[in-house]
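Handing you a structure now.
The chains carry the letters A, B, C and D, assigned in the order they are written, with residues numbered from 1 in each.
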Amino acid sequence: MATGTHTIRVRYGESDQMGIAHHASYITWLEECRIELLRSLGASYRDLEASGVMMPVIELNVRYRRSLRFDDLATCETIAEAKGPSRVLFRTVVKHGEIVCAEAEVTVASVDRSGRPVRIPPEVLARLA
Amino acid sequence: MATGTHTIRVRYGESDQMGIAHHASYITWLEECRIELLRSLGASYRDLEASGVMMPVIELNVRYRRSLRFDDLATCETIAEAKGPSRVLFRTVVKHGEIVCAEAEVTVASVDRSGRPVRIPPEVLARLA
Amino acid sequence: MATGTHTIRVRYGESDQMGIAHHASYITWLEECRIELLRSLGASYRDLEASGVMMPVIELNVRYRRSLRFDDLATCETIAEAKGPSRVLFRTVVKHGEIVCAEAEVTVASVDRSGRPVRIPPEVLARLA
Amino acid sequence: MATGTHTIRVRYGESDQMGIAHHASYITWLEECRIELLRSLGASYRDLEASGVMMPVIELNVRYRRSLRFDDLATCETIAEAKGPSRVLFRTVVKHGEIVCAEAEVTVASVDRSGRPVRIPPEVLARLA
């Protein structure tokens, strides 16, 4: 398992008329967290795609606990774990200070350009171990 | 339980560099489906908010089965069901023709302007039954 | 010159904490208007891209006159006009009833997959005339 | 006139099927740049809104010169200048290294909660001078 922390500043356009960060915004933050976790481990998701391996999301679960607002700084703690040869599970807790705002699990699959499952490249797998 | 069908055309900006509809786009479609289901039942979510009742998302689960692409027309079948006095569960199947592209469950809570749980208004509850 | 009208329903997630449609949302609506105008003329932007011709935006000008709100239906009137062999200018007026909410000009360039300018395909050009 | 520099990392979901950052993404970056410029000057846009002064965008002009791609770091140089008692013009150049990718002018108006023009608060005006 590999872990990392990433900070997100809520954008104005991510707020909605309830005055809180819209729930769909979290999905793009979770993606940013996954990419930054890989980067912190020395793996570039951009290079991974350039090499022909994509990691589309196949499952998404989010529990929203407390609201975030425009301009809030959220601390996102992510744990990544390989699940078999071609899947990775990312678990992220989105916090505002000590308050848990959301908990999420995102599963991505390792596929080639035509969408067929492929093994996670060994150098990425090693970094997730 | 109340059911409805809504059609979504994938926007260009909703595609990503994999050439498919980005997974976060589905979250805004699901929201549009919930609002259109309420409308088809004779309830306006806008009026609901104007009356002081908001329905923020508290839980989101999506399983992505097949890709959608820019310009695809997706047919979204949604079932809504009250879960206790202040929650509604919406289940949506996103299809492209006969192919199931995604299955989702979204739970919303009925809250007042300060975020406290309130009972779903009886006229809305009656429409969901 | 070719003209068309397209209707947009403001999505909830397109609202912001001012309680109005966020200004960036209009940009995706304008894109939807361009694509629907081409469709109404018998041209598919998807097919155009599949044939190797892309039309990225190279200039964007928007004047915001009045707000739109969540759930509003906006009527968008678009005029398209070829500007030389590889550019098209789209002018759109976004209205809410009789009220002009925004006026926009968007210029797109006709380019090949490597980004080099190419002539607008004659069958598209004919439809814009 | 006040100036500032802000860095943006292109998000994956901001790419489109052309493989480049979608043109609407720049609009949210420009907003982030304005807010960060104000912050760097000691003014909080969040506090400004809390005090009853909003700054909606009333005009937007963008010229797209070169593409940005997912994961690119863009350097955004912004200059702000008051234009009369209730308007501010922000000019931003978005660069990738030394390459100018986009040039933008965004005009915001200072309004109260009901949308009526109000004077830019003197403490903000002083910081823009």
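By our rule, a residue touches a chain if its C-beta (ideal position, glycine included) is under 8 Å from a C-beta of that chain, and two chains touch if they have at least 3 such contacts.
Computed from a predicted model, the values in this text were never measured in an experiment.
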item: Maximum centroid distance from chain C, chain identifier (CA atoms); value: A
item: For chain B paired with chain D, centre-to-centre distance based on mean C-alpha positions, whole Å; value: 32
item: Averaged-CA centre spacing for the pair chain C and chain B, given as whole angstrom; value: 27
item: Interchain centroid distance [CA atoms averaged], chain C/chain D, Å; value: 23
item: Contacts with two or more other chains, residues of chain A listed in rising order; value: 12-13, 17, 20, 24, 27-28, 31, 70
item: Chain contact graph, described as a line, ring, star, complete graph or other shape; value: complete
item: Chain B-facing residues of chain A, complex; value: 17-18, 20, 23-24, 27-28, 31, 49, 54, 56-64, 67, 115
item: Residue ranges of chain A in contact with chain D within the complex; value: 9, 11-13, 27-28, 31-32, 35, 44-46, 70-71
item: For the chain A and chain C complex, residues of the former touching the latter; value: 12-13, 15-17, 19-20, 22, 24, 69-70
